[in-house]
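My structure is below; once you've seen it, I'll send some questions.
By written order: A, B, C, D, E and F. Residues from 1 in each chain.
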Amino acid sequence: MNWTWFYRLGSPLWFYQMTTRWLPWLSLLAFVLLTTGLVWGLGFAPQDAKQGNSFRIIYLHVPASFLALAGYFLMATAGAIGLIWKMKLSYMIMKSAAPIGAALTFLALFTGAVWGKPTWGSYWVWDARITSMLILLFLYFGVLALQYAFHNEESGNKASAVLALVGTVNIPIIYKSVDWWYTLHQPSTIKLTSAPSMHPDMFHPLLVMILGFYCFYVVALCLFTRVEILRRERKTAWVGELAARSSNAVEGAKQ
Amino acid sequence: MKFQFQDVGQMLNMGGHGFYVWSAVIVTLMIIIGLIIRPLIQHRVVLSQIGQDLAREKLRKRVDGENN
Amino acid sequence: MRSHASNGFCAYLRRDLRLSHRRLGEAASPLIFFIMVSTLVPLGITPDPASLALVASGIIWVFALLATMLSANDLFTGDYQDGSLEQLLISPQVLVMPVLGKVTAHWLVTGLPLTIVSPLLGLMLSLPEAGYFPMMASLALGTACLSLLGAVGAALTVSLQKGGMLLALVVMPLYMPVIIFGGATVQYGIDGLAWTGPLAILGAMLAAAIALCPLAIAGVLRLTSIN
Amino acid sequence: MRSHASNGFCAYLRRDLRLSHRRLGEAASPLIFFIMVSTLVPLGITPDPASLALVASGIIWVFALLATMLSANDLFTGDYQDGSLEQLLISPQVLVMPVLGKVTAHWLVTGLPLTIVSPLLGLMLSLPEAGYFPMMASLALGTACLSLLGAVGAALTVSLQKGGMLLALVVMPLYMPVIIFGGATVQYGIDGLAWTGPLAILGAMLAAAIALCPLAIAGVLRLTSIN
Amino acid sequence: MGNPSLITIENLRFERDDTTVVNCDHLHLDAGDILQVEGPNGSGKTTLLRLLTTALQPCEGTILYCGKSIIECRLEYLSDILFIGHQSAVKLSLTAEENLAWMAMSQLDSSSVLNALESLGLAGYTDIPCYKLSAGQKRRVALARLLISDARIWYLDEPFTAIDREGVKLLERCMKDHVSSGGAVVVSTHQDLDLKGVRHYPILGESLLRACS
Amino acid sequence: MGNPSLITIENLRFERDDTTVVNCDHLHLDAGDILQVEGPNGSGKTTLLRLLTTALQPCEGTILYCGKSIIECRLEYLSDILFIGHQSAVKLSLTAEENLAWMAMSQLDSSSVLNALESLGLAGYTDIPCYKLSAGQKRRVALARLLISDARIWYLDEPFTAIDREGVKLLERCMKDHVSSGGAVVVSTHQDLDLKGVRHYPILGESLLRACS
C-alpha cells in the first residue's frame, strides 16, 4: 500500500497551494448557491399553510443546524487524526473548525429561538434536540477555551482534541437521554415539524441552501486554516518568501 | 413559481412575522460575512507581521556583520 | 523501587486521605457547601413545602453535582504546584493505579459524605418519603461517576495554574447525562415508578467510567504536563 | 513612595483588571458557571415552562450568589501565595483603598457581566416578562453587596489559612438578607407589586457594606501577620 | 551618643509555639552599614527580618527607628524600607515590565523601569509573561525593585537564591552604591559577601543545634 | 569502547517558542562521575535536567541509557534515577516523617526514614507539619530522599538553595559517597563544589548573552 498521498495530505505547504488554486472557484459557487437559495426561499417558495411566512426561517435554520453538527464531527475527527498520526495539519484544521462551528451553532440556536416565538409562543423550550444543541455550543466553547488557555500550543492542541473526542461520545448520549427523559415526563407538547412531508417547491430551495452552506463552510474552514498555517510555519522558507513578496507588493502599491 | 409578495413593504412585513424572519436573515448574513472577513484580515496581518520580523532580523544581521 | 507499581493505588489513596484529614476544614467544605447552599433555596424561591417538594429532588442533585465539581478542581493542583505531579510522571510505574487511588480518595471525602447527609436535606426541602432511598442509591453511584469525570477535567486544566472554573466549562457537558438519570431515579421513586431502571443506567455509566476515565486521565496528564 | 497612598484604589483596580484580562478564561468563569449551572436545573428538575417560571427568579438569584461567592473565594489567595499580600501589608498606606480597589475589580468582572446576561437566563427559565427589569436592578446592587461580603470571607480564609470554603461559609448568614430581598424584588415585580421597596433596602445594604466591609477586610487581613 | 542609630533593637524576643525563635538583646544599624545576618537553617533569620518589617509583632522588646518606636511612626518607617523575601511577589501572568511598574506604584516612567530590568540582565525578556522565565530570571525581576526604590533601608532575605555569579556581583555593587549614598542594608544569606566593611550578626540557632547534638 | 557510558547524549536540541533553549552536541556520564552543569540564569540548565528525566521530550536527538534509548527502556531507566528540582514536592500539611515515608513509597521502616531526617539535621522537627519549618528545613526534607533512595543517577537542580554551609558540606559528602559506590550525579548550581574530580559542563546561554550585549 502506498501511503505517500496520505502524508502529502498532511503537508501544510501542499494544502496552502491547493487552496490558493481552488478557493476562488469554491467561493464563487458558494456565493451563487447562497444567493439563489436565499432569494428563492425568501421570495418565491410558497407560504406554509400553518406557520405562514415565519416558516421561511427554515432556509437558514436547517442548514446552520446541519453544519453545526457536521462541523463538530469534522473537528473531532481532525483531532483524532492529530492525536494518532501526530499530523500538524489536522490540528490546524481542528483549531480552525472550532470558531466556525461555535458561530454556526449559535446561529442555529438563534434562528431556532426566533422561529420558536411565532410558532410555539416562546423563545425557548427544553426539547432534546434543542438541549443537545446548547450543550454542543458549550462543548465548542470548551474546545476554544482549552485551546487558548494553554501557553504551550502543543498541549493546547492535544487537550482540546481529547475534549472534542469525549464530546463526540457525549452528544448522542445527551440527545438520547434528554429525549427519553423528556418524553417520559412530559407527553410531547411540541415536536419539530418533520421534513420529508415537505412540498417540493419548498424543499428545492432548502436543498440549494444546504449545498450553499456546505460550500461556504469549506471556504471558511480553508481561510481559517490558511491563517493558522502561516502562523505556525512562519519559520519555514516558503512562508518567508511569501511574506517578503507580499510586503514588496504593498511597498510597490504605495510608490 | 412566482414571487409571493405584492411589494417590498409586504415582503418586509411577511404577514406579521417580518421581525422574526428578517432578524434571522440579518444575523445569518452577519455571521457568514464575519466568518469570511475575519480570516482574510488575519491573513494580511500575519503576513505583514512575519515580513516585519524578517526585515528586522535582516537588519540586525547586517549591523552585526558591520560590527565584526 | 519496583514493587510499588502494584500498590500505587493504596499508597495514593492513603496519602490523599491523610492529607484531607490534616486539612479537615478544606476537606469538609464540599459537604458544608452542599448543606448551606440547599438552605438558601427556600429563601430564594419559596418556603412553601408543597412547591419545594416539586423541586427538591432536582435541587439536591444539582447541588451534589456542584459540590463534587468544585472540589474536583483541586484534585491535581496541589500536586502540580509543589512538584509531586512531576515526580509521579517520572516515577517508574503505570499512572493508572495512582490516579484511581486519588479519585477514590476524592469520592470517599466528597461523594460518600454527601450521600450520607442527603436525607437531612430531603427533610429540609420536604422531599416526599418515597424518594429517600432512590436518592441515596443514585447519589452513591452518581457522585462516583462525577468524581471520575471531574478528574478528567481537572487533568485537562491542571497545568493552567488554577484554571478556575474553566473546569466547569469542560466538565459540565459531561455531567449532563448523570444528572438526568440521577434526577430521574428520584423522580421515579416519588412517582412510584420502577426507579431501578434509571439507576441501572447510572450503574452502567459508572462501570464505563471506571474502565475508561483512569486511562484518559493518565493520558491527559502526560499530554498536558510537557511545559 | 508616599503619593500612592491616595491612588491605591486606582492602582489595585487597574492591576486586578489587567490580571483578569490576561487570564480571561479564569475571569470569565463565574459567568460561564452561572449560565451552565442554570441549564442544569431544567434537566434536574423539570422542563415544563410553567413550573420553571415559578422557580426561575429564585434559581437565578441563588446561582448569581454562588458564582459571586465562589469567585470571591480566590480574591486574596493569589496575592497571599506569591507574597504580594505581605508587601501590601508592609506598604506605607491605609489598607482600605487597595482593598476597595480589589473588590471593585471583582465586581466588574463578575457581578456586572452576570447582571448583563441575566435576561438570557430569564428567557431560558421562562421568567415572566414583568420580572426582567427588577431582576437586573436587584442583581446589580445585590452582587456588589455579595462581592463586598465575599471579600470579608476571603480575607478570613486567607489570614487563618484554614483553607477551603469553610471560613467563607461563615459569612453565609450575611448573604441571607441579600438573597431574601433580591428574590423579593423580582417576585414583587412579577406579582405587580411595588418592587422598589425591597430594592431600596438592597441599596441601603449596599451603602452600609461599602462603608463597613473595607474596614473589616483590612482589619482581618492584618491578622495574617500573626503567623 | 549624638544622633540615634537608624535602627536600634532592644531585648527583642519572639516566640512561636512556646519556643523562643528570635532573641536579640541589642543590635543597631547605622546609615552606611551592611549587616549580614548569619546562622544555620531554622535559626530565625527570616523571622528577625519579618519582625523588622513589622510583618510580625514581637512578644517583647522594641525596635526603634531614629529613636522612635516603629509602631508609633509606622507609616513613615514603612515608606523608608524595602523588603524582599523568599516569596518574590512576582505575578506570573504579567510581564516583567508590568510587574515592576506595578511594584513601583506607577510613579516612574516606563523608561526607568526598562532601564532597571535591563541593568539586571533582563533585556529582551521584559515583554513576555513571567511564567516563561527561568527561576533566576524571576528572582531578578523581583530584585529589580532595588534599582528603582528610594527606600533608605533594605531588608533582603536570601537575595542570591537562584542568581548566577554575575548576578551576585551586580547585586553586591548595588548594595555598595546604596550604602555609600547613606542607606543601610540588612541581608541574610549563607554565602560570603565580597564586600568590604560588612558587619556580621551571627545567630546561634540554639534550637537547631540542640536538636542536632 | 568497552561498556557504553551510563548516559550518552547525542545532538540533543529542545525548542521553546521557536528559540533553541538546549543544544547539546555530545555529553556522556559514567559511573563515578559528578557533572556540574553551569551557566548564567536562563541558559537552560533546568531544561536540560528535565529533558534527562523524561519530563520534557526533546525536539531532536537522543538520550541513551547504557546504550539504549531512554524512551525504549523507560521504566527501567526511571527506576534508576532520582530528580530533585526547584519545586520540592514536600506537602506542607504533612510532617517531615510522613513526607519522606511517602516519597519512599512506604518501602522503608520508619526508623530508616527517621535516621535519614536526623542525619540531615532535622532531629526534633520530624513530627511537626512542614509549613512550620523554615525555608532551609523544608529543602532538607526534600533532600533527605537522597539518603534513602537506591537510584543510581541523581539529577539535582540547585540543591543548595536555602541550605546553610554545614548543610552544603553534608550534601557534598553524600554525593561523594554516592559516586564512590558506583553512582553518578548531575548537579546544576551556581556555587563551587568543594569536591575533587567534578567535571564541568558549561552552558553558554546564548540567548541571555545576546540579549545583554
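Points worth noting:
In this section, contacts are C-beta pairs under 8 Å (C-beta built on N, C-alpha and C of every residue); 3 or more make two chains touch, one makes a residue touch a chain.
Because the structure is a prediction, the values reported are computed rather than measured.
The chain with its CA mean position farthest from that of chain A is E.
Where chain E touches chain F, the two copies mostly use the same residue numbers: shared numbers make up over half of all numbers in play.
Inter-chain spacing, taken between the CA centroids of chain A and chain D, is 37 Å. Separating the CA-averaged centres of chain D and chain F is a span of 46 Å.
Remark: chain B and chain E have CA centroids separated by 54 Å (rounded to whole angstrom). Across the assembly, chain F contributes residues 86 that each touch 2 or more other chains.
In chain D, the positions touching at least two other chains are 23, 25, 32, 36, 43, 46. Multi-chain contact residues of chain B, defined as those touching 2 or more other chains: none present. Chain A contributes residues 135, 138-139, 141-142, 145-146, 149-152, 154-155, 158-159, 162-163, 166-167, 170, 173-174, 177-178, 181, 184-185 to its touches with chain C in the complex. Of all residues in chain A, only 122-127, 131, 134-135, 138, 141, 145, 148-149, 178, 181-182, 185-186 touch chain D in the complex they form. Of all residues in chain E, only 16-17, 39-42, 46, 86, 121-125, 132-137, 139-140, 158, 161-168, 190-191, 207-208, 210-212 touch chain F in the complex they form. Residue ranges on chain E touching chain D, taken from their complex, read 53-57, 74-79, 81, 83, 85-94, 98, 102-103, 105-107, 129, 149-151. Residues 23, 25-26, 29-30, 32-33, 36-37, 40-41, 43-46, 51, 54-55, 57-59, 61-62, 65-66, 70-71, 74, 162-167, 169, 172, 175-176, 179-180, 182-183 of chain D are the ones that touch chain C when the two sit in their complex.
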